[in-house]
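In structure tokens below, several structures.
Two complexes come next, and they have one chain in common, subunit A, joined by subunit B in the first and subunit C in the second.
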Partner chain A sequence: MSDQSLPADRRPWILLSPALVFITLLVVIPMAFILVYSFYENIDLAVDVPAFQFGNWEELLTDSYYHTAIWKTLRLSFIVTVLAAVLGYIPAYVIAMTRYRHKWLLLLLLILPFWISFIIRTLSWIHIFGNQGALNGLMNLLGLGDLPIQIMYTEFTVIVGFIHVFLPYMILNIYVSLEGIDTNLEPAARTLGATPWQAFREVTLPLSLPGLAAGSLLVFVLTGGSYVTPLILGGPSDFLFGNLVYDAVVTELNWPMGATLSFTLLFILGSVVVIYSRFMGMNQLAKAFG
Partner chain B sequence: MRVWSLLKFYTVLVYTFMFAPIMVVLVLAFNSSQFGGFPIEGFSLRWFYALAENDAIIRALRTSVMLGLLTALIATTLGILASVALVRYQFRGKQWITTFLISPVLVPETVLAVGLLIFMRWLHMPRSFALLLIGHSIIALPFVVLVVQARLIGIRKDYEEAARSLGASPLQTFFQITLPLLLPAVFAGALFAFTISFDNITATIFWRPAGMETVPTQIFGMLRNSVSPEINALGFVMICITVGVPLLAGGLARYFSRKKI
Partner chain C sequence: MARVQLVDLRKTFGAVQAVSRANVVFEEGSFTTLLGPSGCGKTTILRMVSGLETPTSGDILIGDKRINDVPIHKRNLGLVFQNYALFPHRTIGENIAFGLKYRDVPKEDVARKIKESLDIVRLPGVEDRYPSQLSGGQQQRIALARAIVIEPDVLLLDEPLSALDANLREDMRVELKAIQDRIGVTSIFVTHDQSEALAMSDKIIVMSAGQVEQIGTPEEVYNRPASAFVARFLGASNLLDAQVVGRDKNHVVLETPEFGKTAVPLSHAATLGQAERAKLMIRAEKLTLGPKGNSGAEAVVETVDYQGQLARYFLRVGDTQMQAMNMIDEKPFLAGETVSLSLNPNACSALPEDKQE
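== the complex of A and B ==
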């Protein structure tokens, strides 16, 4: 890295320029367009005129339908994040601490879900909770109750579906931060008289918090931006804010409202990211890919 | 040690939670029943035959594979160039550039999709395969950069410098030293980009032109009433491809690298 560190070296910029142009053109400029379009006026299906009026924003701010959707989205994302953290911490800890010879297998199994189709993983829950699903089949075999019981297409199945898909992100992030901890620290705490629980709580847990935070951020933001999972696993009332965007753009062809809602979603989830990066910085997020 | 056993048991339960539903799809693909769910009535391959004769699915599969390959080409090319710049050169504002390259990940995909669509609308360009292609590439690019960067850091620069000092031209050095060393990173990035494109549904629903389906949107469309047995069979095939190919590639890479030593 020594001879090419001249400040005026243009080579890195030549190498970077395609990617930078690509992102600017396809992400940064479109984001600006969303904002501009949110002031446009919708006249009819798929017909809108350039304007500068606050009708869409007024609707968003006054109609309680949208407020409910925001509340639902934040609430559901929070539930999914907390449950994923609770479910994911212990496996991450076990994988990081185990002396099992085939630890690589546990890690491989953790990465495997990323290679399996999201929609297959999501619809697989219909086979578990559906009327013809494993659960109802099992209860039928055991001769229990009035069948089939209706579990499918509820908020519960939406939550299960989200956790199932996003749990590997959580475990992987916690694992990475646990793996980075000096293995002598916990024994050191023990020699100094700490109980195993104390050693964990006062040494390991605080040191793993960056990973837990990174995993939580990912799960929260990914859940909050979704709309497909509720469509597959939820009932009519289990919609997220993303579903409103989908309805506005795909179903109602109301582009200005779709833009307004998109910008709102970007703002809400963006605030979460900004708050996170204030406290944690952005480096931890990249670590899980190493 | 009792605590440790409990923790291990908990871990097994979580792994079961992650894989049991997928196993169920794999098993139900061979169910002879004309319904997609339980009970299992018998072993049959009929749904695989039905799948092979389903034109809509075959067409969707062709679109998805094409899209995935082209996405891998674009995202990997851009990603490798950017990663080489980030890993091999010191320049001002590097941290800022890295964050910028990763930033599309932090934009909710729904928003990314609507934004690009509105931009295209402003340009009077209708939805098209090309829109899907550049869209998927932008979604895959940050992941490719992350993966390739991680691999590149491991490659030492000494080899290139040795080649140059022994009289190789810059071009020779690139093709004979740098590129072979880069190849694993190229493959890892391309595989990742392909998987991301092949799996995408959130943005694809917004971007696809009327009448064009990828495998995920095709499944989504078939799902409205219930899970048909064909979907189970399709799931089986997809899992075999997306899990089998990387595993095989990884296994082969390990086999050959061991042989060399």
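== the complex of A and C ==
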């Protein structure tokens, strides 16, 4: 390459500039507003006074209600991520390894749910687990009476709802990395003396870790930032940190506090991403996402 | 080390007959090549021996033991893949040690065995590198080291050279054969490359469409092909339609429009039987061009493929296309020239006509 007019090291920046402009205008600047807002003072419903005071941050740091929410959020995200990883690996493996000629059909089935609004998909669980739902109806039909325990509006339904919505992300990520593994590796391990399970554990599983890691991060962050699923499927105590943001902004009309909480959530989930990618190696993640 | 025997081995995929009734013995310590075009069933046989494919019927014996129902990981075979199939997340040392883990090899012996196998494939000291840091040829040596370090009963080689570039391939085939000679392991080599097969094998099994066409030494398969398919697949040959016009104690006499009567030695007509019609086969290098007027058939040179010390001529004799490969004496014959074409009957074979004809 002999391009004299432009030094080669400036070219990537020029190519990136449209994206950088958009990110600055639509992400960085609005977020700066939110940060500024977190120092404002809310004196009445929807009445905010520009100020530079730390009242909101102080409340966040001292009120244990917020700390509980952080703990709940991290805990639930972790549970959902682990379950999704375990449940997602199997279909991903099957789709990647099948000799079925119409593999695209299986992938299409995986993407199919995205064609229905995620709220409607979430609501559908009420018709399954609710008091008038399919499960209870089946119990009645079999003469077993009503369900002995409350399933709907518990943490269980929230977890089910999250897995329902986020599982395809996990499966697709694992699938992509499984798909990139040379199909001769497992047979090679087998001829060298490994049982099917050993061949999987020694070869396929470690080579699919980047996809598993990427899928897990994605599911963790998506769950941690959610508020709709617990709103629809959870009980009064099944709230996540995102629900506090929602309450502050929509219900209490206290935008400065909402801004403070938003920024906190962003910081927590951002830290997870940074620590995680340090730990896993960004290249690994890039490979899995790419 | 052991001999391998296939008894009436058959494999069908749906309606496709991939291998039909193969009966083959791979002698102990020998280097045997399964040769044929793609889809002829050679890889299927290899995969059935390795256990990666289950036979539809028939038996596979290693030594005296029937291994059809022995799972892959208990067969003690070394398999080398065309694309090397090294574990990318493991170092070379770990790749080679992989099979030793399952064989109760004492720890202190593992390092020694890794070192020995790397010496055998002439790549000492690469234990700590990763496969991606080695070239294709080097990776294939590691794959070989990984397969032989477990001291397999049988070494299976699935087109191990075809992913390498041409020069490297020729070096590697000499080396591979030398390694096999040295460790003396029974080896089954699959290839579609006739020169590899001829150069390396103790025995060649030529296959076509799931059938074994011929089993013999390279020299037998090349000089005395059993069928028109084998003659066409190995080397450049001319196959002429012929009429059997006479037989005596030592010869079969074939008549062709191009060369008249040719008495082919009976030893070169072993598969002909009592057929009335036959194919007269003559290798391109056994067909001699001479100046016009010499004895032989009159032919016109259509194209000359000049290759330095020899030339390949595409000729027309009457309506028949033929090819000849001759050493060049001073200068080659030219396109358009009329020449006389002579054949040595002792270099000809009389083959049965193709089955489908």
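What we mean here is this: the second predicted complex is superposed on the first by the 253 of 290 C-alpha atoms of A that agree within 3 Å, B and C clash if a C-alpha of one lies under 4 Å from a C-alpha of the other, contacts with A are read in each partner's own complex, and residues count from 1 in each chain.
Criterion: a residue touches a chain if its C-beta (ideal position, glycine included) is under 8 Å from a C-beta of that chain, and two chains touch if they have at least 3 such contacts.
Because the structure is predicted, anything quoted here is derived from the model rather than measured.
Engineer: When the two structures are overlaid on chain A, which partner does A:D182 contact: first (subunit B), second (subunit C), both, or neither?
Structural biologist: Second partner only, subunit C.
Engineer: By residue count, which of the two partners contacts subunit A more extensively, subunit B or subunit C?
Structural biologist: Looking at subunit A, the partner in contact with more of its residues is B.
Engineer: Counting only touches as set out at the top, which of subunit B and subunit C does A:T191 meet: first, second, both, neither?
Structural biologist: In the superposition, A:T191 contacts subunit C only.
Engineer: Is A:P206 in contact with subunit B, with subunit C, with both, or with neither (first, second, both, neither)?
Structural biologist: So A:P206 only meets subunit C here.
Engineer: Where does A:F118 make contact in the superposed view: on subunit B (first), on subunit C (second), on both, or on neither?
Structural biologist: first
Engineer: So in the superposed three-chain picture, is A:Y246 touching just subunit B, just subunit C, both, or none of them (first/second/both/neither)?
Structural biologist: Only subunit B is touched by A:Y246; subunit C is not.
Engineer: So, does A:L167 touch the first partner subunit B, the second partner subunit C, both, or neither?
Structural biologist: Once the two structures are laid over each other on A, A:L167 reaches subunit B alone.
Engineer: Can A:S64 be said to touch subunit B (first), subunit C (second), both, or neither?
Structural biologist: A:S64 contacts neither subunit B nor subunit C.
Engineer: What does subunit A use to touch subunit B in their complex?
Structural biologist: Touch residues, subunit A against subunit B: 1, 4-5, 7, 9, 11-13, 15-16, 18-20, 22-23, 26-27, 29-31, 33-34, 37, 87-88, 90-91, 93-95, 98, 106, 109, 112-121, 123-128, 130-134, 136-137, 164, 167-168, 171, 196, 221, 224-228, 231-232, 242, 245-246, 249-250, 255, 258-259, 262-263, 265-266, 269-270, 273, 282, 285-286, 289-290.
Engineer: Looking at the complex, which residues from subunit B come into contact with subunit A?
Structural biologist: 3, 7-8, 10-11, 14-15, 17-22, 24-25, 28, 35-39, 77-79, 81-82, 84-86, 88-92, 97, 99-104, 106-112, 114-119, 121-122, 134-135, 137-138, 141, 143, 145-147, 150, 157, 195, 198-199, 201-202, 205-206, 215-216, 219-220, 223, 226-227, 231, 235, 238-239, 242-243, 246
Engineer: Where on subunit A does subunit C make contact in their complex?
Structural biologist: Answer in residue numbers: 182, 184-185, 187-195, 198, 202-203, 206-207.
Engineer: Can you name the residues of subunit C that touch subunit A in the complex?
Structural biologist: So the residues of subunit C touching subunit A come out as 50-52, 71-79, 81, 83, 85-89, 98-99, 101-103, 146-147, 150, 156.
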